[in-house]
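Here the chain labels run A, B, C and D in written order, and each chain numbers its own residues starting at 1.
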Amino acid sequence: MIIKMDTGASAMEIDDVVAKVHALELEAQINRGAARVVIGVFGANTGEIDSEIFEAFGGVESAVRIQKPFKLASRDFKPDNTTVKVGDVEIGGNKLVMMAGPCAVESDPEVTMACARLAKKCGAQLLRGGASKPRTSPFAFQGLGEDGLKILAEARKETGLLVVTEVVDKEDVDLVAKYADLMQVGARNMQNYRLLDAVGRCGKPVLLKRGLAATVEEWLMAADYVLRCNGHPNVILCNRGIRTFDGATRFTFDPGVIPVLRHLTHLPIITDPSHAAGKWQFVPDYAKMAVAGGTDGLIIEIHPDPKKALCDGAQSLTFSDFARLTGELQIIASAVGRSM
Amino acid sequence: MIIKMDTGASAMEIDDVVAKVHALELEAQINRGAARVVIGVFGANTGEIDSEIFEAFGGVESAVRIQKPFKLASRDFKPDNTTVKVGDVEIGGNKLVMMAGPCAVESDPEVTMACARLAKKCGAQLLRGGASKPRTSPFAFQGLGEDGLKILAEARKETGLLVVTEVVDKEDVDLVAKYADLMQVGARNMQNYRLLDAVGRCGKPVLLKRGLAATVEEWLMAADYVLRCNGHPNVILCNRGIRTFDGATRFTFDPGVIPVLRHLTHLPIITDPSHAAGKWQFVPDYAKMAVAGGTDGLIIEIHPDPKKALCDGAQSLTFSDFARLTGELQIIASAVGRSM
Amino acid sequence: MIIKMDTGASAMEIDDVVAKVHALELEAQINRGAARVVIGVFGANTGEIDSEIFEAFGGVESAVRIQKPFKLASRDFKPDNTTVKVGDVEIGGNKLVMMAGPCAVESDPEVTMACARLAKKCGAQLLRGGASKPRTSPFAFQGLGEDGLKILAEARKETGLLVVTEVVDKEDVDLVAKYADLMQVGARNMQNYRLLDAVGRCGKPVLLKRGLAATVEEWLMAADYVLRCNGHPNVILCNRGIRTFDGATRFTFDPGVIPVLRHLTHLPIITDPSHAAGKWQFVPDYAKMAVAGGTDGLIIEIHPDPKKALCDGAQSLTFSDFARLTGELQIIASAVGRSM
Amino acid sequence: MIIKMDTGASAMEIDDVVAKVHALELEAQINRGAARVVIGVFGANTGEIDSEIFEAFGGVESAVRIQKPFKLASRDFKPDNTTVKVGDVEIGGNKLVMMAGPCAVESDPEVTMACARLAKKCGAQLLRGGASKPRTSPFAFQGLGEDGLKILAEARKETGLLVVTEVVDKEDVDLVAKYADLMQVGARNMQNYRLLDAVGRCGKPVLLKRGLAATVEEWLMAADYVLRCNGHPNVILCNRGIRTFDGATRFTFDPGVIPVLRHLTHLPIITDPSHAAGKWQFVPDYAKMAVAGGTDGLIIEIHPDPKKALCDGAQSLTFSDFARLTGELQIIASAVGRSM
């Protein structure tokens, strides 16, 4: 349920409403917009609560149910776009954000360092790189763990790039949060609810990838798990392709979801063209599409020597291809009124 | 099998090879490129023919099997991009093509005329409009038939726009060819092989929509049906969304297929954002993505009063939205080095 | 709209209602059930007709709108199961029906004859075999045409088996109807509406395969096309697998649709395990599942020497495997209260 | 790599081979079959190991690479069917296993007790029930946790049924293992690798559900994670429907995967018809299909009063429907040569 307060509602009136929500054993989340305060009321049994209970309170303009299955992520709860701050970088504003780096942090730190230097030079703001790799086979390379995180931190120190890296389990959240500026939850973990709770509570912003067969509603309900725990809306959605009958690419690129999300949610959207394509040849066009379609940023895999990459080399751009692409993207960004 | 002739092969040498192909009860298609002639050899039993038979002929550089299941549509057969002429409009060149109009031609000719005038004013080259509508239910409006084709011809006469319209059955090919400049084969008919044969033989260029669950290979094999019959490559592919688990839009928009096609085939590609989206709100962003991703043109549904449209009103742009979009698309087109 | 007549309504009262329907420029279809007559009213504009118009007529018990998008195929229109007579074979009754034969009728008639003899010996009632093969590639074997139909007719003459074979285009309907007892519309043609109209009008019963990405609603609307034209409900549905992300089999077997159809429609259901599996190894288990799940019959590909089959040999059962399977199926059939 | 030892290889020869495997920093798993010992060699770099190294050892018959991406789960590693013991119940043998119970353990213990009594009476061997429910929305009922596990243990004490329940996170493994006889890993967690590792190590047998868009290969690689950690093959696969375009049921029932799995893996297979159907009406037919198609058992949701169920009531069978179904299944089981 959404309780819209009057534009001039007092702090005490707001407190009274929140107290009533708690008395009903429900949760309250407060969205302080420019014009007014909106209070979201959540819980398993909100369906049984009569909205008139709240409409009788002072300072309440209206109390209405949210029809959609996602709540905190919905525009009904927060009509204005959210911008998420990662360090001093703002995601979801006019300026597009670029994240780039190797698929996995490899044992040779120079691979990551070289990626970071190139990414910095090309105008990226974040360095990506997997220290824990969730691999389909137990016998494949699983990542360097904390050693990988240290390499990322080292690269941040040298280049000033912020670090985005994946956290694969609840028990790793504290460790990853020590090194990462942006906590990535991968596609396979989009419905790992314990992990969502834990990253929500860690205080760092979260990059939530779309599950490979997740509907938009399921994805936004997963965002609700994080939003419910961190109390302020610092979740960034990341589309990365879905699984369909079409085997021409690794996954089926899904930029069509960008305007759909923009319509339904206030959260920023980042696009991963690399995992969708699975082949570096298609990555530049996929990146361009996403920018033209309104994404707030990109996360792209690069590697100094893709053929030698320990993981996903086929979808990694070489340094020269990435440099060329960033130049081309700036032109498209400005064509849709954004900067990069 | 692909027989590459020497760059200086004589007409007689070419004829000799073709005669040998026919003697083997196979089909030959000749692709006269800038540098050299390539002869495609096709038939059910090409797998049993030894390539050395042809390599012994004068003027033959090499004879190799095409590994891909599609042949005439493949870049192996024709490495250079094809441009298709529809009237005096070239599709597949640097200049993007815009096709616009109502979903169905309605009994009030003024609806179609108004669309045509607006489309012309906004720089479109073709008018779209369905005279025969393949509808899922037998009890829904099925189109005006020849009366609808006449309205389209009337609009062409007034505005100079060329006409693209769907042909739904082999028996209609002659009738539709009388009025249309570009023959559209719809998604439901992508594997209606008799229809493909017939439109291939009619001489007019063909717009071949992707079946809603067709793989890229099946689509290009469908193009092979048309190409085999018309002898010169005047097929234009049209992506229009695929069917997946994701119900957020009518179909799942599939612009990721554009660079994949560019890699595999020499044929031009047109994008239909309207059927994919199913909702007018998403059409502009979908159109922008397609242009950024390298499409050769767009086909968009417009209507003077979408709420009163007999068919697919929800996905039709109003005139003002369409006019605004065409302006925005020009900027993106030039950002990717194309004109519009 | 469904008009239920009183149990004792007179012929004249029924005629009056039908006359009124026609006066409104709508179509009427009459379902004469055991207890009462039901009149279906169909047309593009039934939504604008007030049901009270009919309720005022003598002998009318009620007039209500059909909410589902399919009408004639729905249980709302005809609550009792339909049995379709093919020759003297009843499909949809207690006794399961077996159809078997080669994928394609091959130029050597003995292949088809041998299949027919075995099928007969194993208790099958119908011989299947494709005379026109809709092939994905234009360069693959396309079938023998009328020569193939003659071979099927010859096999019928010798064995007494009835013939089911595919008709791929409207222009072939008369020819195929001359030879076939049951007209098959293939998956690729499920939404070839001209073909549906034509087979509906030809008077022969129709086996309507599910399109490979067709929803249940679309399938039943396709049945409506046929039902609308033939005036009596002689359509048999055939599930044959759908296209999904799962590439372990040629298509994803869909027997789960059997009870769903049973719930929604009165039409009989036949199952094709061969095309779903794509590999003969899985065909027997798929056939057993379908029988246990309530199918009314099976259509199975067999071949005397599958490795030499011109078409789909990988999914054809050998004679000994088929003979064993028919024995096993009888036991399962009786376990679910059916005979075979 | 698979090292087949001679039928008469000595323990010392086996030890020598294993020592060599470890010296190469690889993992060895030993499969002691009736006729011979097979040693599986696993690790990220097995591709670089020359098989001749092992063929030079005494007692080694052959050393060959496993081509499939899954290893321990494959029939290449273990050709004979595996039977998994849960308490004194054998899963994967001739006798089919029935698991039944409520979707979620509810706060009223009597719901679970009543289900357990009925399940026992109908011949079930295991009681199912969720104590931790992974729910799509954070605001839905999430399960009772340990209180729920205690209720399940209580029901076991009274009825003698064994308990299968889901573990949703690595941190819960010890707690759940204290109460459960069979540890369920849900569809959403099929690729939660930390959880797979942990349940593999806990020593209890594991029921591994198919992810809703998981390919067969991915599923068997997930089984590899568990198998690698527990050292003996006590994993049971559970098919439960997949996500496709078809919205007629909650998921698309996937019994076609049963013979595919039988072909590829030695692990037993259990079928969940309830989650696939999403509607109780279809559950009995789905259960029958699975038995006819070769499943080793079923897991079915039941509830004394489905309309009041806290979770998934629409797909729960009433007691009378379940009792009738178990009777019908016995007949089908014996039709395919199994007991129940």
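Keep in mind that, in the parts below, a contact is a pair of C-beta atoms (placed from the backbone, for glycine too) under 8 Å apart; a residue touches a chain by one contact, two chains touch by 3 or more.
Since we're looking at a predicted model, the values are computed, not measured.
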Query raised in the report: Taking mean CA positions as centres, which chain lies farthest from chain B?
Result: D
Query raised in the report: Centre to centre, by mean C-alpha position, how many angstrom separate chain B and chain C?
Result: 33
Requested in this report: Compute the distance, rounded to whole Å, between the mean C-alpha positions of chain A and chain B.
Outcome: 38
**Report entry** For chain B paired with chain D, centre-to-centre distance based on mean C-alpha positions, whole Å
**Finding:** 49
Query - Where chain B touches two or more other chains at once, by residue number - result: 213, 243-245, 247
Query raised in the report: Among line, ring, star, complete and other, which best matches the way these chains touch?
Result: complete
Query raised in the report: Okay, in this complex, where on chain A does chain C touch?
Result: 213, 243-245, 247
Query raised in the report: What residues of chain D sit close enough to touch chain A in their complex?
Result: 42-44, 46, 69-71, 134-141, 168-171, 188-189, 191-194, 212-213, 218, 221-222, 224-225, 228, 243
Query - Interfacial residue positions of chain B with respect to chain A in the complex - result: 213, 215-216, 241-242, 244-249, 252-260, 263, 276-277, 281-282, 285-286, 288-294, 328, 331-332, 334-336
